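In what comes next, subunit A is part of two complexes: it sits with subunit B in the first one and with subunit C in the second one.
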Partner chain A sequence: MNGTVNGQPLLSVTDLRVGFATQRGLVRAVDGVSFDLFAGKTLGIVGESGSGKSVTAKTLMNLLPSYARVEGSVMFDGRDVRELAAQKEKHFWGVEMTMIFQDPMTSLNPVKKVGEQIAESLRVHLGRSRKEARDEAGDLLETVGIPEARKRLSQYPHELSGGLRQRVVIAMALACSPRLLIADEPTTALDVTVQKHILDLLDELREERGMAMILITHDLGVVKGRTDDIMVMYAGRTMEQADTATLFSTMRHPYTEALLETIPRIDMPSHTRLVPIPGRPPDLIDIAPGCPFAPRCRYSVDACVVECPSLEGHGTAHVCACHKPVGTEAGIAARAANEQQGTTPTGLDMGLFEGAGSRSGTGAGN
Partner chain B sequence: MIRFLARRLVALFAVLLAVTALAFGSLNVLGDPLFNVVGFIASVDCDAVLAGEIEDISGQTAGGRGDCEVIQAARKEHRLDRALPVRYVLWLGDIVRGDFGTSFKNEMPVRQVLADKLPKSILLMTVAEVIGIVIAVPWAIVAAYRANRRFDRASTVTSFGLLAVPNFAMGIILFYFFVVRWQIFPSRFEDTDLAARLKSMVLPGLTLGLPLAATYQRLLRTDLITTLQEDFIQMARAKGMTDRWVMFRHALRPSLFSLVTVFGISTAGLIGGALVVEQIFSIPGIGRAVVEAVIRDDFPIVLGSVVVIATGFVVINFFVDIIYSLIDPRVRRDD
Partner chain C sequence: MAGSGTIQLRDDDDIVLRVENLVVEFPVGRHQVVHAVSDLSFDVRRGETLGIVGESGCGKSTTARAIVQIPRPTSGTVVLDPGSDREAELTALHGESLREVRPRLQMIFQDPISSLNPRRFVRDIVAEGLAIWQKDHSGPHSQARIDEVLEAVGIDPEVAATRRPHEFSGGQCQRISIARAVALDPEILVCDEPVSALDVSVQAQILNILEDMKQRYGLTLLFISHDLSVVRNVSDRVVVMYLGKICEIGAADTLYSSPAHPYTRVLLASAPEPAPTVDPSDAAIGDEIPSPINPPSGCRFRTRGPRATDLCAAEEPQVQQLGEDHFVACHFPTLG
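The block that comes next holds the complex of A and B.
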């Protein structure tokens, strides 16, 4: 998907499907997701709560509960990741590929010293002695910018602030110099000021080490200018996928547009209303045949409810699953018709969007 | 940590004072200590006898003062002429010096009775707790590792089964098979050497220990399942730690709270259970001694046992508090 890099991608995910057999039925949490990630590159996965971002990440990390049904292929540097999982490969996760989680308050073991938690990877995977591991752990804490790093080694997580804890988590993840780091909303639980520090730190470390990264967030603002590519997910599917610049300049999917309207932008007139996307994501058990976003979409036409759009190309490496893409003639016409009607074919009240920082008419360049 | 321990110790002594005061007070107020010492003549109105208004009941002694002399001597000896709080303090002083008084019935020093009976009961309870823990911990770990799978379901049924059987029934069943039928274990407590003592404790220990194992297994399994869903467990897995490592190095310790708490509390229940079990397996322990003393109104023995048992309970729970702080550093905070 990134045209400039040749050769094999580091991570190649093809038609990934994940279902959970629950008492209510099969929850289709991820439904046909594909992407490639090249060494040293970053991919942002963006979507509302429940769109399947974490499940995608956990599938890659082999962290799903045993009742999960996984289909599709995940290749890491030519190795079949699901095969590795079946063989209980010991030195892959945590070594080649690792993950950090949303809440640093809960991702550290409360009863173990910080130093031990970092050192254990070094001991288990790299066979370091107790002392070597401890020294290296200290170095890692320094790397992630923790003051008085040596002293922290013998502290417990509850003695550290949230920002410091997330740094410890990052140090833990970096211990074995992984080639891919998956960061699942690494800053959502932190103060706004701390958020930026952590994101910058991740960028910096990634750059230094030539590590690839998947940055998961529900906030388009977080990935803007930070990732090489972006995949927008909704109801377990890919809605739109492009390199970051293209996505922000010529977004095609109404869902992407709606997501963007939920975050404040500097170029907005000062009193622009921020519009939460009306409605809720669909139930993932009985998925209706049409586009999952249709009931909440300003661009929807009758066809959207009947037939699910497939991912189609819009120029190089830009794909979007929509019958009436934003900024195309068809899209502009569909929205205009709905505005005239006052409601969409799915019964969505267009009045909800009045005064919103809409971008549809402008087409936002090409 | 020092401050934490100091605070715990102060609490420990406060609880001990309260428990001893309650035990001493209730036995003195609810029962009639004088009656327990001298028998029915306790009801003689000595003031009237001394004033020559009435005769005492037996009237054998010259001057007709025999009963009253006995009563007065008893009053003095047992300090019944003093106010209750004063008696309590003096009694507490005796206890601290190791003087538990003498049995009303056979004039044996209570201390000697306790020294004879107590070790057997302590051995029984220790064996029971060890059996409980040793069975429960691996059992809970295996069950939680594959929660809601076949083994776990079977263990749920088994543990509820064990809990549903009353102590005496379990004891009698074990006794019947292992003593009467197969004659593997002795029918009564054999006090010859440690091996014999331990062997005599196997069945009584199982009788008390199996239900304990079931309780502990339930608690630890549930806590383990909860812990295994925590983010830090996912994080440890994401670091590539094996299931075994995650279970033993990450999940087990933070899951021990309920187990440890109930371990502390269960010692009280064990004392009750010991009464029955000592009876079935003919162990001359403190349980039987207390039952006999209560039946015979042997006031000093009852009080002495209560004090020792309560102290044991409080001390065990003091250690439970310390174990908490070893499990979780957050408990140690000095605030």
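The block that comes next holds the complex of A and C.
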């Protein structure tokens, strides 16, 4: 995707697979994911819980438990990240690549002052003295927009509000001027007004510093105005991937469409009937041979149950894994046939969508 | 915001819940008090859904809990079925007489898994209310009722008889909570962030079920959420709260299409996809909420309000009427 910007991607993930051995069998949490990310760009990864988006991020950050089975390649600026992990490289994670998490309370040590927590990585990774590190920590708190930054250095996390804590976490992540910042649901635990401020701040910092960013969320609305590219994941696989504008104007995957239609929009009149996504995500242990979304899909045909579609191109830099993509002749025909029959080949009752499917077929945004 | 007053109360025969001058305070430390809810008044018509929206700490959950009397409010009145022969003033009731009113008011909570007893079979959980309130709880009438409510939320009653909550997903557990609440045929269902812990694909299923249950059983809903889009979708009428006070109340579509209170405008402009009716610059305010221990004088929103004047600091705005069903508590509302 996006192959024109200064040659080499900063991060290149190829056919990543992550499995966890359990008593019931191997859980395939990530099942063949590939993407490139260029410096200064933002990639949004969207999906429900269990889609593999957080496991993907943790794999990049080398945070998986030792029993995880990882395959595939992760290259960061010409360096093999999995090789670095094997060599127990100390000054890569937290320096070149950092991550912030959903819950700012549990990301911070409750019995250590915030200044010390920020200074710690400056001292460990960059060899700063105590005093230098403390001064720099104060500067960082100012950078992330914390009022009375110097005073906050000697406060404990519990003395700060949720929004301020998340700013402290961002300051920690920025301490060593990373080239890639991974933000895993950074605003899910925060109020809507604070969410906007944090997302705006991340965007400004990325712009200023030329960082690349991966923004992981379950909310398509959050990534809409703030990413260059979007990857939609389901059951550990990439369902659709495109630049943000293309994804919203001509989405091809039924799952992307369903996700967008199922969320109430703020400009929808009250009591608009929502389009549910029936059923629930599949078990990742005994994965059926077909498309993982087929049992919940309005467009499914017999082939979807038998054969898993591969990612195929739809125009430049737009890929989608579907036999009957939304908005194509094949897709329109498949959905019409299911509607006529009243049920899909997987036994899904099309009546579930009645009274709700009247909105625009492609689910295009405004 | 900040305002007080009771002009927004409607003179209507079919009011099922009337909350007047509700105050909830919690003592903390040396003679200090958290002013969680201060002088809040609203009513809910039978069959209506009232949404309450605001940031964390605005008192929306405290309001819900004060209505069901857990814990009791510091002052104010909560009246069920005012003016009818079933009228009950909850804050005046105690002991057995309060207990007898409880089936008329049921509640569902944010975390569906922790609100169900992990050791009991799901069917027994749903049946418990009937077991407590009906003498023939093992009789065919009660059994049929349990089957009916479970089927209404899409849970197989036979499966429910042999399984415990951990064998169901979060969305299914929330359906079970709804079935348990509805089994007693309540008048009002209080929903405190019922979809906030659920995945987006499951959220729509639950919201649609709540709409269906409302139609089927003639329920009145009090729906509390921080999600503006969800609140608009389910509500007929919406209350916007800030620091324990009412900012704006009105018909859902009116309030979203012509928001008059600066705080409502901030919320609408801060949404991930801002509402088209506000300017994106409306979102530009500080993100720190003042302490509810020492709330600002006058209008409690003035410290974050973009147009606050000396008047806002000196005098608390009273709720005033803007349109047929549109009320705002602000000295300088946006009109139009």
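FYI, the second predicted complex is superposed on the first by the 342 of 366 C-alpha atoms of A that agree within 3 Å, B and C clash if a C-alpha of one lies under 4 Å from a C-alpha of the other, contacts with A are read in each partner's own complex, and residues count from 1 in each chain.
Basically, contacts are C-beta pairs under 8 Å (C-beta built on N, C-alpha and C of every residue); 3 or more make two chains touch, one makes a residue touch a chain.
Note that this is a predicted model, so its numbers are computed, not measured.
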First (subunit B), second (subunit C), both or neither touched by A:9: neither
Is A:125 in contact with subunit B, with subunit C, with both, or with neither (first, second, both, neither)? first
After superposition on the shared chain, which partner residues are touched by A:98: those of subunit B (first), subunit C (second), both, or neither? first
First (subunit B), second (subunit C), both or neither: which does A:258 touch? second
Partner chain(s) touched by A:277 [first = subunit B, second = subunit C, both, neither]: second
Mind working out whether A:49 is in touch with subunit B, subunit C, both or neither, as first, second, both or neither? second
Quick one: classify A:115 as touching subunit B (first), subunit C (second), both or neither. neither
So in the superposed three-chain picture, is A:186 touching just subunit B, just subunit C, both, or none of them (first/second/both/neither)? neither
The subunit B residues in contact with subunit A across the complex are 230-232, 234-242, 245, 249-250, 253-254, 327-330
Residues of subunit A that touch subunit B when the two form their complex: 58, 61-63, 90-95, 98-103, 106-112, 120-121, 124-125, 156, 158, 169, 172-173, 175-176
Quick one: in the complex, what on subunit C touches subunit A? 55-56, 169, 171, 199-205, 207-208, 211, 226-230, 232-236, 252-253, 256, 266-268, 270-277, 283, 285, 287-289
Can you list the residues on subunit A that touch subunit C in the complex? 48-49, 161-164, 191-197, 218-219, 221-222, 224-225, 258-259, 262-278, 280-281, 365-366
